[in-house]
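I'd like to ask you about the structure that follows.
First chain written, first letter: the chains are A, B, C and D, and each begins at residue 1.
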Amino acid sequence: MSAVASHTASSAALRFARGINVGVAVFLVLYGTIAVLQPGYFEVEGFLNFLRRAAPLIILACGQLFVIAGGGFDLSMGSLVTLTVLGGSMLAGGNPENTWWTIGVLYLIGLGVGLVNGLVVTLLKVPSIIATLGMLLSLNGAALMWSGGAPRGYLPENFRALGRLVYRDVPVTGIMPLSVLILTGFVALAAWLLHATVFGRQVLAVGDNPRAAELSGVPVGATRVLVFVISALSAVTAGILLGGFAGVSTAVGQGLELQAIAACVIGGAQLLGGRASVTGAVAGALSLFALFTLLNLMGLPQPLRETVQGLILIAAVASSAWRMRRA
Amino acid sequence: MSAAAPVLSMRGIGKSFTGVRALDDVSLDCRSGEVHAICGENGAGKSTLMKVLGGVYRPDEGEILLGGQPIAFRHPVEARRAGISIIHQELSLLPERSVADNIFLGLEPTRGGLLDRAAMRNGARKLLERVGARVQPAALVKSLSIAEQQLVEIAKALALDARIIVMDEPTAALDERDAGRLLDLVCTLRREGAAILYISHRMAELKAIADRITVLKDGKLVATHPAAALTPAMIVRLMVGRDLADFFPPPGDPAKLGPVVLSVQGAGNAILSDITLDLRAGEIVGVAGLEGSGKGALGRALFGDEPFTRGRMTIDGQDALIASPRAAIAAGVGFLSDDRKKEGIAPQQSLRDNVLMTLRAFAGRLLPPGSGDMARSAADRQLTQVDVRAAGFTQEIRELSGGNQQKVVIGRWLARDPKVLIFLEPTRGIDVAAKAAIYRLMRGLADRGRAILMISSDLPEIIGVSDRILVMHEGCIAGELQRGASEEDVMHLALGTGTTEAAA
Amino acid sequence: MSVADIAAPRPARDVPVAPLLFAGSLVLYVATALATGQHAYLTGEGFVGLTQRMVALGIVALGQTLAILVGSIDLSVANLISVSAVLASFIMKGEPGMIAPAVLAVLALSAAVGLVNGLIIARLDVNPLIATLGVGLILQGLLSASFSNFAGSVPAAFQAFAYGRIGPLPWSVLLLLVLALAIWLLLSRTRFGAHLYATGGNRDGARLAGIRTERVMIGAHVLCSLMAGLTGLYLASRLRAGAPWVGRDGVYDLESIAVVVIGGTVLAGGRGGVWGTLAGVFLFATLDAVFNMTGIDAFPKQVLRGAIVILAVAVYAVRSKGHVA
Amino acid sequence: QNFNDPAEFERQKALLTVAPQGPEGKPWEQNLGGEKVDTAKYKKPGPYKLCFSNAGVNNPWRVVGFTNMQAEVEANKADIASFTHADAEGKDDKQISDINAFVNSGQCDALIVSPNTTAALTPAVEAAAKKLPVVVFDRGVDSKAPVTFINPIGGYGFGIQGASFIAEKIPAGGSVLALRILPGVDVLENRWAAAERIFKEKGIKVVGAEFTNGDNAKTKAIVEDYLNRFGKIDGVWMDAGATAVAALEAFEDAGKPYPVINGEDQQDFLQKWKKNKLTAIAPTYPTYQWRTPVIAAIRILKGEPVVGPTWKLPQPAITAENLDKFVNDKMPPLHYALCGCEQMANYPARWGGK
């Protein structure tokens, strides 16, 4: 087929241009600016510390990405983070011996939440935006009910270490935060699941056209449920890191779900499914976090930071929409 | 034929998409009172040319003249105001709105600032009568069959009292009877002085109504000739660039017929009743029937999409409980839907991902997506086998022409290679060469011992390809015909005026 | 790409969501009042109190209905409500003479915000969730940068808007009804309404039919923002001044979306209407009253409310065919 | 509305040194100055039906406070026939409706209101006060209509106590980082206005004033950034204590010495203070004020005079000297030590303690 041959080269070039992620570009610009203001960020240590703080958001974005790729939304992530932190303190009660089974129980709770989200969407046919909004309200209420409205215990030190511990005197990098190791593992896992497994392709197919997927034999319901489970489990992971990093409070999870969605979209994921990349989501989350950091460093008054954040969000997404049309 | 100056002429139109030169220096004109047919292979650029005319795309080069005046459309509404009405290849109706709402969309009559519903109802009723659609103006479009929707789409195009009417494969979804009615309508419109651009892959239609025929190939104009000067074989040669010796494949060898693979006894559901049929390895069984006869429903029932609720079904002699498409595929049944856009393609995924969808649906979730028979080379072989024309196999499938999309979806089933294949309107919107290729593929599958149920509204194809023909009428199998039956035999049964032959 | 691509939950047969929801809520309300012996809730005054609870959420939700019907969504309403409330009382500064300029200024600003939302979504092709989230952030930022607390105050004459009555009926409840009627008329009896449904139902199809879908999208957003502006005016009148957090604290963004969907309007756009939305608002008002009557604690209340939101949609969605996402 | 009112600043500064009147050891029944109002016209036979319109329980301070109130209701079972509450979830509009519903219900002998915002709730409270006796606490209303308005000294007092301590303890030329929750909340704005004034008076350099949203993670990130930027921070002033421990942890994680800091009376901060021997102070906004309205309402309905129209409660600060009295490992991290609840029924379980 001569037509194929003649077009492949130019098409590949264009495809590559399209492949450069807006998220990556935005992140590089923002981080570069931070580092200029604050040279510490240019050092490995500065970057690792930055990663340590950004880790929960990156993990949330990766989890959310699966739901978005499958055509849905998960608004319940933030409140699940809250439940994880409050629940973790209730279960462990400050006793280091309780840490490991507490983490196990938290993951079980996450599994349950993901299953309920998924089943409400697939069986009750409630659109995920509403299903997970309802879950957001309920989980928040449940977390506060469980803890009586305020944290009732501490997270043990070994639990905290997951998000707080920093190994010193590490060769090459100098320091190595434990949470960065966890983050790396998690991102690798997510990238593998979405991009290097049959399951990942099934998710994208389901997000793109569930009916076509169904008629091709893809187990649409199961795929949807799994996607919500993945999202919930990543929320628990992020909760464990956040609780570890910062300790217990009732507001930890607030608003994280929208940040995660925004990160995915900046990273080029298509809301309502069919197009998603883990690299993009990670870059998007890093961009958002870099933006928060930069706005802090620039010392803009708080309100103007919100304004700048809004502008950048729109600009990033508009530019990728524009490139999409051009390409 | 009138010798008047053309109302429409397009000069040197060029249009490119990412890496695809869809149109290259195409010129074309049309006079009033003329039917100008455009044909060409899938992806030749026919629809793109019409979209340029309709203001959907802006051409990269060239100009459009209306009554001699150059004109540029920035929005479809401008083309409509200029008197150009287009029936697009892809249905663009609003499923949740009434038929009348759809017909008058963008042209709503008002009285005192408010919608004049009575006028809409009456106007819609007249237009529906004109196109021969038996639907109520108040019915919701989602409750109509694809064919009825196509007729509504045509009525909608007529609502705009246009000078120039473009029809992009209007009969693809219609059965013989409705298609015939539409062709009569086209002739009426021509008499009334409209300039009509008509796109179709059905040779018989072109011969019946076209005054002139233009052939496109790979985005370029091949030739424009008076229809009288062309035979179907010549048209095919212009389109494909070579002769197409055997359009229909040879019949199957009855001696090589295998055992019964799929058997249904006394099955039924809300639409179907008393379905009894046997499907044997190595045969192609055609299912004919008018729109609404339930032939589509039969395919969906066998595939578990809208399952049978009573009766018995066996596959390879085993009782098969088929309650979902996945179960059907697992039991060895494949299914090609007649609604490619809604049920066939995953639009933003690559050709490779689309062609591998079914294989991956049954592969281990955690396997690499390219492992085993899902390897890239296997996918590419499959795509090459069905002769997909694309810029590359990583291209998103939504960028392909309809015919090429269909080939990819067929490729998906070839890759899985099920025992029984149900093809629902397999060549809807597909060009002659590709049709021939698909028929050969089907015959090849049958020869390798697969059983094929080909459900189609295209009578020539039913007669030319099938080893046996089942004819449906009002949800039942009205009768069975052997190879060699005539179109009249089929229509008799389909209309309920025929006699049932004893099953052979 | 728009929200319009979400696979729509398609009821097997169209369920009359609005009357069912109204009736169900009413039964719940009356039954609870009887069961807890709080008969005052069943008097005329009790019902007026109940409808008064609907006004603020009701007006925003009417606007949100338009945004969702056209296949978009508006997350900026909460922030716009705050901006409107503050702007109104800031301009009025207690002067009766400044009521008209303030109202005009608020409506003009709201229309401008709607225009910006619409332009970003229709012209720049930004997903509506992100576009309106961003615009909301911008608004809130500018507002908080300028005002950190109640600004100005509204004159007594303007408070009549929220507190005045004709006979037993509060003005504001009447206004809600009139707005609902007007929007119903707009949707079902005008070309704009028909085009709005068309754009929401199938944007490409509507464009091919010669509809200026961008203008329709922008028009819907302008109307939606105007409704948010009106809500801001109502709240300024009811609270006697505008505070920069009234919108956010009222969670009017997510709640308005929730009631619209509960009311049977499809998130994908193109299907639904105002009465369902009003019924959804009525359910929320009923829940508030019922929770008060039963004295249920704050946290279990949240859990219940979440479950009810899901169940209210599930009741009719569960029968739909096809997939939802 | 002016958050930086010099007259109010001075008034609260003066109140900090006023000796409380009233029963010893029961600060929730004490008052700092103030008149008595005659309540004879409200007198009716008991037991009483009390109604409470709550702004919300959206933070641990309000949770502890509401628990105090419920315990107080139980302690007065003999006088209280019913106690109905409506939670406004932080919405002014809803709280207005809630109050109207209470007034119309005829089920309330007296109404207690904790307004969500001062200005917005004024008309509703005024209207209610025409029908029944109303007690307002925590945030006030712009009206003399309620029988009494109960609260501790206020935001300026808190700001003064924290900032004066920090200004005194940090080395000359030292730097202070201010961590605030969010802008626009009157009591928090007052605290900051007072602190800013003190720092200015004492010539202390404030390197930054950042909003944390009450979020521990954000707090830690901000403090880390400041430590990176300035190398050394001598003092941390906070307008609320919930994130104090997170701020201290940021110093730990960066390997820097603890700053001079003010927190609040949350147990986690007090415990950390004790354990790490911090140089610290904990000004308070005591949750025991939630007990007072119930007591006041009963007295009003009995026709006994109450302190009014404003009832100022004492607002002590926890210092190194009295720290031991308030630290209690058995209580949950965000329990407020000045709950005044130690002697109440079901203590500590009811407050989540062990």
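One rule holds in what follows: contacts are C-beta pairs under 8 Å (C-beta built on N, C-alpha and C of every residue); 3 or more make two chains touch, one makes a residue touch a chain.
What you see is a predicted model; the values in this text were computed from it and never measured.
K.L.:
Give me the chains shared as neighbours by chain B and chain C.
P.N.:
Per touch definition, common to chain B and chain C: A.
K.L.:
Under the touch criterion given at the top, what is the topological distance in steps from chain B to chain D?
P.N.:
2
K.L.:
What pair of chains is linked by the most C-beta contacts?
P.N.:
Chains joined by the most C-beta contact pairs: A-C.
K.L.:
By mean C-alpha position, what chain is farthest away from chain A?
P.N.:
The most distant chain relative to chain A turns out to be B.
K.L.:
Could you work out how far the Cα centre of chain C sits from that of chain D, in whole Å?
P.N.:
The answer is 35 Å.
K.L.:
Could you put a whole-Å number on the gap between the CA centroids of chain A and chain B?
P.N.:
Chain centroid spacing, chain A to chain B, equals 43 Å.
K.L.:
With centres defined as the mean C-alpha position, give me the chain A-chain C separation in Å.
P.N.:
Distance between chain centres: 30 Å.
K.L.:
Quick check on chain A: which residues sit in contact with 2+ other chains?
P.N.:
Touching at least two other chains: 149, 211, 214, 270, 302-303.
K.L.:
I need the residues of chain D touching at least two other chains; which ones are they?
P.N.:
57, 183
K.L.:
Give the residues of chain B touching no fewer than two other chains, as numbers and ranges.
P.N.:
In chain B, nothing touches at least two other chains.
K.L.:
Determine which chains touch and list them pairwise.
P.N.:
Chain pairs that touch: A-B, A-C, A-D, B-C, C-D.
K.L.:
Touching chain B in the complex: which residues of chain C?
P.N.:
Checking each residue of chain C against chain B gives 10, 185, 188-191, 193-195, 197-198, 201-202, 204-212, 266, 270-271.
K.L.:
Can you list the chain A residues touching chain C in their complex?
P.N.:
Residues 70-72, 120-121, 123-131, 133-142, 144-145, 149, 207, 210-211, 214, 220, 224, 258, 261-262, 265, 270-273, 301-311, 313-314, 317-318, 321-322, 324-325 of chain A touch chain C in their complex.
K.L.:
Please name which positions on chain C make contact with chain A in the complex.
P.N.:
That would be residues 1, 3, 5-7, 9, 120, 124-127, 129-131, 133-145, 254, 257-258, 261-262, 267, 297-310, 313-314, 317-320, 322-325 of chain C.
K.L.:
How about chain D: which of its residues touch chain A in the complex?
P.N.:
Those in contact with chain A are residues 57, 59-60, 62-64, 67, 183, 208, 210-211, 213-217, 219-222, 224-225, 228-229, 242-243, 245-246, 249, 253, 268, 332-335, 352.
K.L.:
If we count contacts the way the header does, which residues on chain B are in touch with chain A in the complex?
P.N.:
18-20, 218, 303, 305, 325-326, 329-330, 335, 337, 342-349, 353, 356-358, 360-369, 374, 384, 389-392, 394-395, 412
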